[in-house]
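To start, I am sharing the structure in question, which I have written as structure tokens.
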Amino acid sequence: MLHAEDIGVGIARAIRSAVSGRPGGVYLDLPAKLFSQTMEAAAGKRSLIKVVDAAPRQLPATESVQRALALLKTAKRPLILLGKGAAYAQVDADIRALVEKTGIPYLPMSMAKGLLPDNHVQSASAARSYVLAEADVVMLVGARLNWLLSHGKGKTWGQEKGAKQFIQIDIAPTEIDSNVAIAAPLIGDIGSCVSALVAGLGANWAKPPAEWTSAINDRKDKNLTKMSATLALNPSPMSFHSALNVIRNVVKARPDVIVVNEGANTLDFARSIVDMYEPRKRLDVGTWGIMGIGMGFSIGAAVVTGKPVIAIEGDSAFGFSGMEVETICRYNLPVCVIVFNNNGIYRGIDVNPTGGKDVAPTVFVKNARYDKMMEAFGGVGVHATTPEELQKGIDKALASGRPTLINAVIDETAGTESGRITSLNPTSAAKKK
Amino acid sequence: MLHAEDIGVGIARAIRSAVSGRPGGVYLDLPAKLFSQTMEAAAGKRSLIKVVDAAPRQLPATESVQRALALLKTAKRPLILLGKGAAYAQVDADIRALVEKTGIPYLPMSMAKGLLPDNHVQSASAARSYVLAEADVVMLVGARLNWLLSHGKGKTWGQEKGAKQFIQIDIAPTEIDSNVAIAAPLIGDIGSCVSALVAGLGANWAKPPAEWTSAINDRKDKNLTKMSATLALNPSPMSFHSALNVIRNVVKARPDVIVVNEGANTLDFARSIVDMYEPRKRLDVGTWGIMGIGMGFSIGAAVVTGKPVIAIEGDSAFGFSGMEVETICRYNLPVCVIVFNNNGIYRGIDVNPTGGKDVAPTVFVKNARYDKMMEAFGGVGVHATTPEELQKGIDKALASGRPTLINAVIDETAGTESGRITSLNPTSAAKKK
Amino acid sequence: MLHAEDIGVGIARAIRSAVSGRPGGVYLDLPAKLFSQTMEAAAGKRSLIKVVDAAPRQLPATESVQRALALLKTAKRPLILLGKGAAYAQVDADIRALVEKTGIPYLPMSMAKGLLPDNHVQSASAARSYVLAEADVVMLVGARLNWLLSHGKGKTWGQEKGAKQFIQIDIAPTEIDSNVAIAAPLIGDIGSCVSALVAGLGANWAKPPAEWTSAINDRKDKNLTKMSATLALNPSPMSFHSALNVIRNVVKARPDVIVVNEGANTLDFARSIVDMYEPRKRLDVGTWGIMGIGMGFSIGAAVVTGKPVIAIEGDSAFGFSGMEVETICRYNLPVCVIVFNNNGIYRGIDVNPTGGKDVAPTVFVKNARYDKMMEAFGGVGVHATTPEELQKGIDKALASGRPTLINAVIDETAGTESGRITSLNPTSAAKKK
Amino acid sequence: MLHAEDIGVGIARAIRSAVSGRPGGVYLDLPAKLFSQTMEAAAGKRSLIKVVDAAPRQLPATESVQRALALLKTAKRPLILLGKGAAYAQVDADIRALVEKTGIPYLPMSMAKGLLPDNHVQSASAARSYVLAEADVVMLVGARLNWLLSHGKGKTWGQEKGAKQFIQIDIAPTEIDSNVAIAAPLIGDIGSCVSALVAGLGANWAKPPAEWTSAINDRKDKNLTKMSATLALNPSPMSFHSALNVIRNVVKARPDVIVVNEGANTLDFARSIVDMYEPRKRLDVGTWGIMGIGMGFSIGAAVVTGKPVIAIEGDSAFGFSGMEVETICRYNLPVCVIVFNNNGIYRGIDVNPTGGKDVAPTVFVKNARYDKMMEAFGGVGVHATTPEELQKGIDKALASGRPTLINAVIDETAGTESGRITSLNPTSAAKKK
């Protein structure tokens, strides 16, 4: 884009790129030479473009819908996997209809949590390993078989028990077969595809075999009971679990709160402990696996929605862009940052392997007071060493809407190297065997 | 792709990328380290992927179809523009139905020629400038408003007479608004979109106003009469027109022949003089505007279809990859290359502007005998200085199926700097005024 | 580098790239696949490389030295410009000999300050504009005519008074003529070139004409007197000048302290106010003009030298990587960060141009307490509103060697848009005229 | 470069980049927007830059020269390796002095051939494998230990007999240690370095031990005798050797002729068979190992020098840009192209491995007559099936100076897959063992 006359076209294309097909961020380059150009006001008006139907419905072909339903009908142990695409599509009633009318157990990916409430009877989250390994037909709804899903292969997917068959709903045909063969691709926008499937179910759609659903429920019961016991513990200093239990309860009471989450252990634990009840209320790093996005996401979510935000931050993750608390204070945003402070990366007790006088490179300043950073810019700082203090801090933040940072002191021996990463490291993986 | 196990996935993705969405070439990188890997035959078989529905139908939304039809209904001077996407879609009957049932005049872009026969009564090719400037509603079918269509703006499009409204059928939503506002986008595969439009026309669809169609026919008659007169001339040496008239008649008699075409004047003239009667029989450089693709296209077309190929080549364009006549001979392909030899780039009479002893950089060896190049590799060389010799050469080539190169001697004073390029050059354009 | 056996070669090449020729940072990529490789200890030892003469002397040709001296001899108004290359070369005695034996006035670029003490009688810093505009022969010593020197052209260089002639000493021949013609290039390492020049001066080298040096001294006296008056003022809140005057005196008393400096006004003012007395004691952003490097430079300088560091930081610049105070505390580094806090970018009084309720995007949280950030991690925080408080804070930091951050409150009306940037903006520049 | 005013600077920098430091091609981008700019003639003249000392001498440090000489003095089996950098430097007398005064055997890399005549008594070319494996100290003069020299490692270099020590003369310090440790780097331009070495030899420099030189001479004698026998054979059709023997004799008689050479077998054989007697008379692909450069090199060499050129071309290599014979004819250049036509890539007898009706992909049209291509454009075509016909063709071409192409028919069973490439292929290399 080199001429002021083209700004209108540039913006129209940026909008279409952002919201049509696979949606996402767009980079629109305005070169410096544009800034000194002038144009007549009338010409400027003419050059603007009214964007018609920026994210058009894209309907799946009937034969694709039939193919998917036919395959689903053969399933003995069906599973629905909801991805963030399913959440982005904003067709929550259709998704719920698909899940409930088929009666098929479902798993939400991280940012699809809350599309149906996490305590939904069909949610298989508490039996995740079991259903991934045992399912025979898996329907991916706006989800991709990338590294977060072990690329659809291997032990996680019970490969030794024979191949699974996949149905994949996606707006981009080039996403199909990206890691394993897709038996029934369904190309179109999620809403059109899902409503076509629901319409095709017919009156006599048979729910999944009881052996399958009751086997899942057994696992769920066992795992949820175990989880409850762990959450009920009240160690001192706090564990990841006892601190997250507080947030779990807050979100249950205030399901409209937006949850931002980043870190290693803090991300892994919060994802499974903090249930979501409304769609698009959970923001995390998704596929990329990077750190540093928590403060930006929090600011963006607060500005766009005006809703309260709770940012659950590992101390290491917070360090990537913690300085942005200044921005939160500057615009007086209703963001409550909770730093899970266990004195280091993964944990705070590592010893310098080279034996020198310096601390281990994974260990932070002991007993840092992140809350003072928020105070430095006029926000509220809270130092919380017990669940009660944490609860009080969050309650006050939600009530006041003021920028708040809670320094949640976690047992420095608590964390572990993030399991997912270890499994990506062939040498470590080999050693384990 | 770093492991032999991934070759199956790689090929599946390459196929989907090539034929789904906007189709096109795909580059699949097989890194050297793959070449020395081995795998069990059984694992190799398992890693292959059966590609299901590689180019799925993508249906347009009903409201998009209605929007397009409603706009088309308002048109006083409607026009249909067929692009190469319309040809790639291989839905020739649907396209013909759309054109004939609406009764709207149409223009084929270069590689859409033959989708309907070029002598179709509704073709507006012979009144191209008129319809582009005068139409009020333009429906783009697999065509883009890129530089070949002056980006949908300016004098070509009669901008001073008020803005036009565009309907655009495309499989990629990001193509919409790429240069001007699109009032009615229609997103889906061409076949699904066009058949939905035809279905929506209803019984009482009103043909375009007679003022519009008869005004077009007046222009066509005038232009075709003028063209006929020019083609009938028989100057010596041959002109572009008298030589192309021979090929025009050959293609009329043998509409199954594949025509490959590249060059500057040779491309411009052949495109308008050599009518096509069957879809996908004409291959040229399309949007890119480059040279050097003629021999590769000819070889590919001959190998894939087994049909005879006539390659209409400017001498300059031929020079980019003329050496490939060896390949044509090696595989004994039924390719007849016709080099339009006018001794130079554009023409053969330019004088060295620096006044040195060397020829102008745009002038080639005088009286080159390209036919000898074909003979060098065992093919048939023909030296043609008259339409009769040219005719005889082509006839013999088509009859024998042998690799043939005809050195068609054209008046060296005949060519001009290619008009399209001049208009892209702001200084030249300014001087013209 | 794909094999463990190549690590030795890789490191050797990295060292040579870092220190030979034009020195600088090197990026050595160790791909993930290296990490799981093993090798025999003996082979590992063999693969190490003893780097011989990593930064070899590169001697200039005699004729180049003669050409430079001959040109210098013709000068009526000679000037020496010392760049950071002159400092990197670590040949301080040679540089001093060149300056003092020729008697030519000199200007140090930012990171060449202290190569000779800034109060040297031949320093022309206090008459910078005058000497750049008036000099007739300029010798660049490890300096480049880039944007920091207006590319050697235009009003700054008194272009209207006739072209200047340049001598350029550089290790890289490709740096010559990079923006204007260089009459006498001198290619080699700075040390070899400068010592060859000094050797070539001979016994009877004539010092520059007295008209030139006394004209410079007149300007210097006038400007230094004006500067002294400004520095002596003690406004409340502090001005950039009154705060920097404190640091100026500290550095005079402790010339071994390393000064790191970044920001806009804070950078511009500190560069001219805080005199340096020892080579390589000042680190700033150099040519790049970016922000965010202050904390990294401070940490690096403290770790490598063990010397105390004073980081003079604009509040905006500090915001780019302020979080790194945690690292400073973690390793208990003797770094004293001084944040020049005037509540905003350039200044703190801008009003939101769109009239909304939000503050201007250039304005920060009012009265931020950056010192609390340091306290959050166990360091010393100081809130300084007067020169006395600032002085006390620095003294204590230098005495204790403890991590310290001084929040230096500056008049929020004090700053201006950075002058250099304005001059790069053609529209602003045009308006000014 | 965006302004016409900068063209002068751009050209000056291009010249410096091309000839200073490591010389080579330069890409100067003139963006389209420059073409329509205008400037005052006077300003244009002012913007031109007189490039002073574009390729300045860069002298080595005395200590580097001493280090190199000291190491050389310890050598029992010294070797000098002359690279193309030694030829580019155009300091032929200095190079000869170094070789002859030290009495050390030398090997020329491909484009260093002729720096000293290839029949020089100290040339070790005919004992190449022996000297590479046996030498203990190797002095690289403008040569790099890249893939052409097996990276200075492995069997070729007799690694099992203990490490060698290297002296490397190069203008770029970053070239040192690029694959193995360099014990004595000597940084500077080749001329300055070599003349400094010669000056440092002193009066009593001891020639290499007689065991070393006589061992080399034994090998040379044996190999040259064998080579003579092979060259003397006169098989029908011609072998590579019998055809190259003709050219070998031509070049001996006319050492001023420029030899261009490309191909696989044609390159490998010609390099060792065709002796060169003058510096910079041989042009080949050097390090890159690509094909397609022969015609461009021939045209460039003929235009720049006005000397006769003999291009020794493999048929496969010629195919990459054979069309350029038109250019040779257009400008009537004294180029004699000799195509070594053995009907295929490597050889002409390969069979299609897939068993189909098509020829093997490595086999060309049988009995192609490349000479007709030259005739097509008015040049002289020669079909040579015997050494006598080949000799006659070349003689006539040299006498007339007319563009000539000789189709030299070589035994189609003669070639082999190029040995160097095989050794780069780990699987093939493994199989060999």
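For reference, chains read A, B, C and D in written order, and residue numbers begin at 1 within each chain.
Definition applied: a residue touches a chain if its C-beta (ideal position, glycine included) is under 8 Å from a C-beta of that chain, and two chains touch if they have at least 3 such contacts.
These numbers come from a predicted model, not from an experiment.
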Fewest touching-chain hops separating subunit B from subunit C: 2
Farthest-lying chain, centroid of Cα atoms versus that of subunit A: D
Geometric centre distance via CA averages, subunit C-subunit A, whole Å: 45
Centroid distance [mean C-alpha coordinates] between subunit D and subunit A, Å: 60
Averaged-CA centre spacing for the pair subunit B and subunit A, given as whole angstrom: 47
Inter-chain touch pairs (all): A-B, A-C, B-D, C-D
Subunit C residues within the subunit A interface of the complex: 35-36, 319-323, 326, 329-331, 358-359, 363-373, 375-378, 425-427
Complex contact set, residues of subunit D against subunit C: 9, 12-13, 16-17, 20-21, 49-61, 63-64, 67, 172-174, 176-185, 187-188, 192
